[in-house]
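In the two complexes below, chain A is the common chain; its partner is chain B in one and chain C in the other.
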Partner chain A sequence: MEKKSFFASDSFRSVLASLISILAGMAVGAVIIAIVGFKDPSLGANSVWDGIRLVFGGLFSTGRDASGSLTWGFNSANMGNMLFRATPLIMTGLSVAMAYKTGLFNIGAPGQYLMGTMVSLIVALSIPSWVVPPQIIWFLAFFAGMVAGALWGMVAGAMKAFLNINEVLACIMTNWIAANLVTFVFDITAYKNVVENTKSGYIYKTSFNNVQTAKMGLDKIFAGSQINAGILVAILFAVGVYILMDKTTLGFQLKACGSNRHASRYAGIRDRRNIVLSMGIAGALSAGGAALYNLAGNTEFFWSTYQSLPAIGFNGIPVALLALCNPIGVIFAAMFMSMLSIAGLQLSNLTAYNEYITDVIISVIVYLSAFSLFIRTLLKNVGKKPETVNANAEPAPAPAPADEETVSSAAETAPGDPGEVTAPGQEANTEEGGTEE
Partner chain B sequence: MTYLVQQTLLYAIPLMIVALAGVFAERSGIINLALEGIMIFGAFIGVLFINMMQNAAWVQEASAAKNWVALQGLEVLAMMAAAVMGAVFSLLLSFASINLRADQTIGGTALNLMAPAFVLFLIRIIANQNTLQMQKGDAASWFMIKKSTLGFEKNADLGFLGNTFLHKVYLATYICILLFIILSILMYKTRFGLRLRACGENPQAADSLGINVHKMRYAGTTISGALAGMGGFVYALTTANCTANGDVAGFGFLALAVMIFGNWKPLNIAGASLLFGLFKCIAAGYSSIDINGDGRFMLAELGISAHIYRMLPYIITLIVLAFTSKKSRAPKAEGIPYDKGQR
Partner chain C sequence: MDNSQDYVIEMLHITKVFPGIIANDDITLQLRRGEIHALLGENGAGKSTLMSVLFGLYQPEKGEIRKNGQKVVINDPNDATALGIGMVHQHFKLVEVFTVLENIILGAETTKMGFIQKAEARRKVEELSKKYGLSVDLDAKVEDITVGMQQRVEILKMLYRDNEILIFDEPTAVLTPQEIDELMKVMKNLVAEGKSILFISHKLNEIMAVSDRVSVLRKGKYIGTIETAGTTKQELSSMMVGRPVQLEIDKTPAQPKEEILKVENVCIKSHVHDRDAVHNVTFTVHAGEIVCLAGIDGNGQTEFIYGLSGLDKLSSGSITLCGEDISHATIRDKSKNMSHIPEDRHKHGLVLDFQLQENMVLQRFEESKFQHNGFIDRKAVREYSDRLIREYDVRSGQGSITVARSMSGGNQQKAIIAREIDRDKALIVAVQPTRGLDVGAIEFIHSQIVKERDRGKAVLLVSLELDEVMSLSDRILVMHNGEIVGELDPKKTNVQELGLYMAGAKHM
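Right, the complex of A and B next:
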């Protein structure tokens, strides 16, 4: 392959396309705020200006001063809380991204997250901490949660592999089964918090059993926030998934199955085992996120959850899509999402607007990222360099591992059985035009 | 028994109509994962419409004079408003997936994220809380058809059929059933339906016969959006007392499941949604279901936890699917952006 300048490379273009999507999303948010603000006489131009500034820079807001105007600066609590909120998002984002690379759309992250929550909480609260050191309980709870999530993911995977049930469908059903199961289990067991009378419907914090994630001094840097070492664990997992998917034979096999299940079987790869395994790993990652969040020691779980699924699970989907399913990109995408949610909180605390505007922004970004391919093509034409054959136009089953371009374009070549509901099918053939004919 | 049938229909009808929405999109070749989002949007629009119309003079007169015909008209208007806005909202999906050839799964997911966020943002500003309600009264007193509505005596016995289908029902339910039948015929017995289905199976062949694939796919997703928006409002009206809170309890996804479960065929979908609705109804009201009328509530006496009953619809669906899915066949070209040059 001939050497291209950095600015003409595909990876640069996809990052640029993502940045354009992000800016456009935030611009839409600003426009909505402006429309609502100018239409409502009680809000007016000043509030619109405040709202827009908070959307873009809510992370650095430090409240209002005596005269009522917004103040700005380094806000350690905001910064730390951003990292704390990003922790489970990185994990669920990894879960979705990893499954997507293997041709599976893991909409089951909420269910796996719930199973991880349940098992890790039960383990953390039931082993007496005066017998076993709390650190060991933490690890036991963390791994038990991940195992539970893995098994739950494998249920959906097995249905796909052996019974030919579409994984989206299996995931949706197992999500709601998990929601009811978790409520059922906590209903008949005695983990409900009855000590603090002001709160009903919550499970004990794990700190009641002295189990909490180590802070490792991070709380000193980010004073006043909930941060703990969980963020480091999540980043380690992201690197781990990157190595697994791009540097190992197993990762290659998993991706090959996603590209073309039948071709991989022909090449001697055990396709059914790999589908079950992909969903298992994805489930373990989601559940790991749940464990990291709930073992923090200062978080509480509302146990009667049968009517709603956890948003953190679903938010793994936009995180993964924004990161173009690149495990390292997931770290930044998750941080960006949690930054937006911090900005949303500032927005509801300091102005008449509310935090849902940030969800609108995220959805616009995801919508734009759906046709990031289109944006990238536009960018390509801006450079006006005659491009001939592109590495992505190689036949589907073996996207070269560790190739930067493959990583960056994972979203568009997202593989899958042709004819699957979620799999974009033969896109790899169609989008590069006639190069193969 | 009357209770069982009525409750089952309450759950089954929105599912059925939204699943049909899914069929129209997928049969034309577009995966509509956004059903949930469009439902949420439609529910919001319908409730907002009723909320705003309650200020109008003719509605207030009709309400005061208990003019039932006018109130039912208001209900139908709200359904139409929800359908129109649902169709408009679905254009976002059609534009991305047909014109820009975007990944349809991602586009649908984006709409699913956008609808609750946008709706909740507006509801918070309009109502200063997370739920948008009717300004006064409730769904039952305004829109429910009862014996007295139809001119019967309060204690008249209409027989089983009359009690079940004429007392304490919503007009919306019957409109949905009627629409379901008409649209199924449209899909299978008309030229338009045949062309639509052709675009989902083999768009290249359809194009070679002079069918405009893009236009047919737009038609499919727009019908889909209209039905899903209307279904969302019907759900909000009949099961949520005409309130909107940016949530339809996963009904859009369930409809997707019902559609796959029903093998993309209207008749099977009707059966599947009735089955699902029955178990939903058992889960919701198992403690007050008296099947043989002897005054004993058998299901409640079994002493099984409510959570087990709530799990049942999902477990049953999975089990049935396990036996039937080998035969299931999705439209061949769904999810693949149409490319004229492809062989």
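Right, the complex of A and C next:
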């Protein structure tokens, strides 16, 4: 076994791939800023330069000085808000990443997020804080939210496990059921905010019941921001998911089922239970993100959600992709995404770019960022040359499987062939298809 | 050379390099007009690569291809077809819902103003089938005809396209003994009519029976070409493997002891049709014997094993293992006394994207040896896996941490065998344990199975390879249409009789 240098290692390549895609996304964002800036008479070269700098460094922008040029430095409010916004994203990102590692595409994060929101808000607002200490209520609400999300995720998981319904379909359906259910439930409850009636359509902040996430001194470090200890909880969850997936027998089973359900069944692993469980854990993570966000005390929930799904849920997907589904990577990917929204805010506050164009730019960056998997494959091919030299030293097996592949592909492309490819063991496949039911 | 005119196709000094491996190292293959030329080699010896070069799928780094002494360049499969080269693949490329005739003309239809001229095509196909003795029912749908007939359809496809050079890639893998004899006759007819045949195989019996010359490849290198008449199976196998190989299995007569497995009136529903896939199967397996379920593929063996191992449910009947009724037990409970070497190593045997060491503990990761409080003990797993790799000589790029997908088929199978045998259970179920493997690996696996039998294990073998059935088993049960139609003693029967039972022509 030869030692690869650090620069040829898989982890380095993964990080590099993510960084390259982020930079590519930001560069394209900068190009859009330039195009819009030069087209729009109210902007111009100076605005373009400011805009580009804000996209890359918005987090460290501190406004404009007397002469009107941008000033830079540590901006505690920006930094704290970035962490605050990253909190639920870490959780939904973990949800998608964890499910993905077990072979499931959890596009149901928004629905699970909504269920978590609904249950944690109801628990947080319905238990009187003069009877039960608010800290206890917070924990109850948090766990109730996670349980609700877990059950919601399990619905899609059970459909997949027992009825062979693709989890993507099941998730999309349950998303909209959740959206309508949440609207319906809040419509008939008494949690609609009627005190601050400048805003209509919102649920009470949990701080009305004295329930809010502890600050643990973070508000002192990041003065002027909304930050609370939720970010620490989210980071703890990321570490927890890493340990679960990498070190435990449960993670081993879940990954085995995701990677080859048939082999797992053969080995006596309960594949159906594991699929349900996997979606349950994913649901709990999404809902946990919802609870962390809504129990902050300073956030408001717009309850009429039946026409839209929460973006935080969907954004878990690019976060997970950008992190290549590594739980620790998810922390940084989520922070990057929330940094972009801070940069977007700065852009619309400090320049004449309107807020919609900043959304476009953010979307482009997110979109390109999700290409990291593709870029990693490219990097692998670039790095192939030196690796092969080592492989040469290994006298052992010739690449037999690859060899067989080529023959069958030869067959596919051979002219005059009907092109019907009979995969080896196809009979066994059809038979097995039946046993799944 | 003056006799170079005799060669219809020559591949001279072909070298094909893939990153990290020389797949073909200076290989020369010369096919004479009107001969059956066998290409012999283990898995990964470079046979497939060489054929891909001939079909224009790969461009060789060195060497040239000549047809009738003229240098030709083959850039893609269309060029190969234009040169009259055709191939019958191991897995047929037929459209199941089309008729035989439609399959034959597919892709080479004669049309007039966009309409297919079937009558004309039919005439040509009928002529060909008469000329070469290839009887097929032109109007039957491919899904309704036997595997042997499907193969004839494939051959007719090549003939219809006026191919002169016919390549047969492991053509006998799916045939009964009778069908194999039939195929051999057809091949001889074809060369008598002036076609030239390249016959890729690792079955020595067939090569000895049908070929004129044999070229042997080993690990990408050209070992030599010899006249079949002047060689022996022994010589060919040592050329192929690079060392003398024991072709006969060395085993003493079985000494069956107590009953381990008892199967009574087991029925299993088919998932494809309404009938039972397995019907009223009853037999026993004792400690210290190898019982073989023989039969043509698709006669209920796979379904029976699924039912036995718990991958599928029994619809009726009972199974007793070591005195315990396991008819409806879970897979994990059943595996308490049963090792199972599965038929499909990629589907059931391995999680291909897992490391070798993770695959080694696929059933056992919850044992206290490999985990503490739910946390996997990586060190214990690693040590265990390293030991199995050592004892069973499983070869891979990076040892225990190799990803299973990157290993060769033979070594993947060795890893599964190591895992299953080391679990040390009273019953070993081995389903086609040597499928697709080469002589060296087969020798090893057979000796392991016999060793386990001698240690007092009950072995239930399912095999489609007649040689294996005849040489390895102590008792043969023949399955046909989901039923056991015969019980034979390998010492008192022969391949012909076995074939008749397998084809359903003979009953108990």
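As a working rule, the second predicted complex is superposed on the first by the 355 of 437 C-alpha atoms of A that agree within 3 Å, B and C clash if a C-alpha of one lies under 4 Å from a C-alpha of the other, contacts with A are read in each partner's own complex, and residues count from 1 in each chain.
Everything that follows uses one rule, which is that a residue touches a chain if its C-beta (ideal position, glycine included) is under 8 Å from a C-beta of that chain, and two chains touch if they have at least 3 such contacts.
As the structure is a computational prediction, the values presented were derived from the model and not from experiment.
Enquirer: Between chain B and chain C, whom does A:Val28 touch in the aligned arrangement: first, second, both, or neither?
Expert: It touches nothing on chain B or chain C.
Enquirer: Based on the superposed arrangement, let me know which partner A:Ala296 touches: chain B (first), chain C (second), both, or neither?
Expert: Once the two structures are laid over each other on A, A:Ala296 reaches no partner at all.
Enquirer: Quick one: classify A:Met146 as touching chain B (first), chain C (second), both or neither.
Expert: A:Met146 sits against neither chain B nor chain C.
Enquirer: Does chain B (first) or chain C (second) touch A:Leu347, or do both, or does neither?
Expert: A:Leu347 contacts neither chain B nor chain C.
Enquirer: With both complexes superposed on chain A, which partner does A:Thr248 reach: first (chain B), second (chain C), both or neither?
Expert: Only chain C; A:Thr248 stays clear of chain B.
Enquirer: Which partner chains sit in contact with A:Ile165 here, chain B, chain C, both or neither? Use first/second/both/neither.
Expert: Only chain B; A:Ile165 stays clear of chain C.
Enquirer: According to the stated criteria, A:Leu181 is in contact with first (chain B), second (chain C), both, or neither; which is it?
Expert: first
Enquirer: Do any residues of chain A touch both chain B and chain C, and if so, which are they?
Expert: 411, 414, 418-427, 429-431, 433-434
Enquirer: Under the touch definition given earlier, write down the residues of chain A that touch chain C in their complex.
Expert: Those residues of chain A that touch chain C are 1, 247-250, 252-253, 255-256, 259-260, 262-268, 384-385, 387-389, 391-392, 394, 396-401, 403-404, 406-411, 413-435.
Enquirer: In the complex formed with chain A, which residues of chain B make contact?
Expert: Residues in contact with chain A: 31, 33, 92, 96, 100-107, 109-111, 113-114, 116-118, 120-121, 124-125, 247, 249-250, 253-254, 256-257, 260-261, 305, 307-308, 310-311, 314-315, 317-318, 321-322, 325-326, 328, 330, 332, 334-337, 339, 341-342.
Enquirer: Sort out for me which residues of chain A touch chain B in the complex.
Expert: By the definition above, chain A touches chain B via 32, 36, 40, 105, 107, 159, 163-166, 168-170, 172-177, 180-181, 183-184, 187-188, 306-309, 314, 317-318, 321, 352-354, 356-360, 362-364, 366-367, 369-371, 373-374, 411-412, 414, 418-427, 429-431, 433-434.
Enquirer: Write out the stretch or stretches of chain C touching chain A in their complex.
Expert: Against chain A, chain C makes touches at 18-21, 23, 43-46, 48-49, 51-52, 55, 57-58, 76-78, 80-81, 87, 89-96, 98, 103, 106-108, 157, 161, 169, 219-220, 270-272, 277, 297-298, 302-303, 306, 309, 311-312, 330-332, 335, 340, 342-344, 346-354, 358, 362-363, 365-366, 371, 374-376, 395-399, 401, 405, 407-411.
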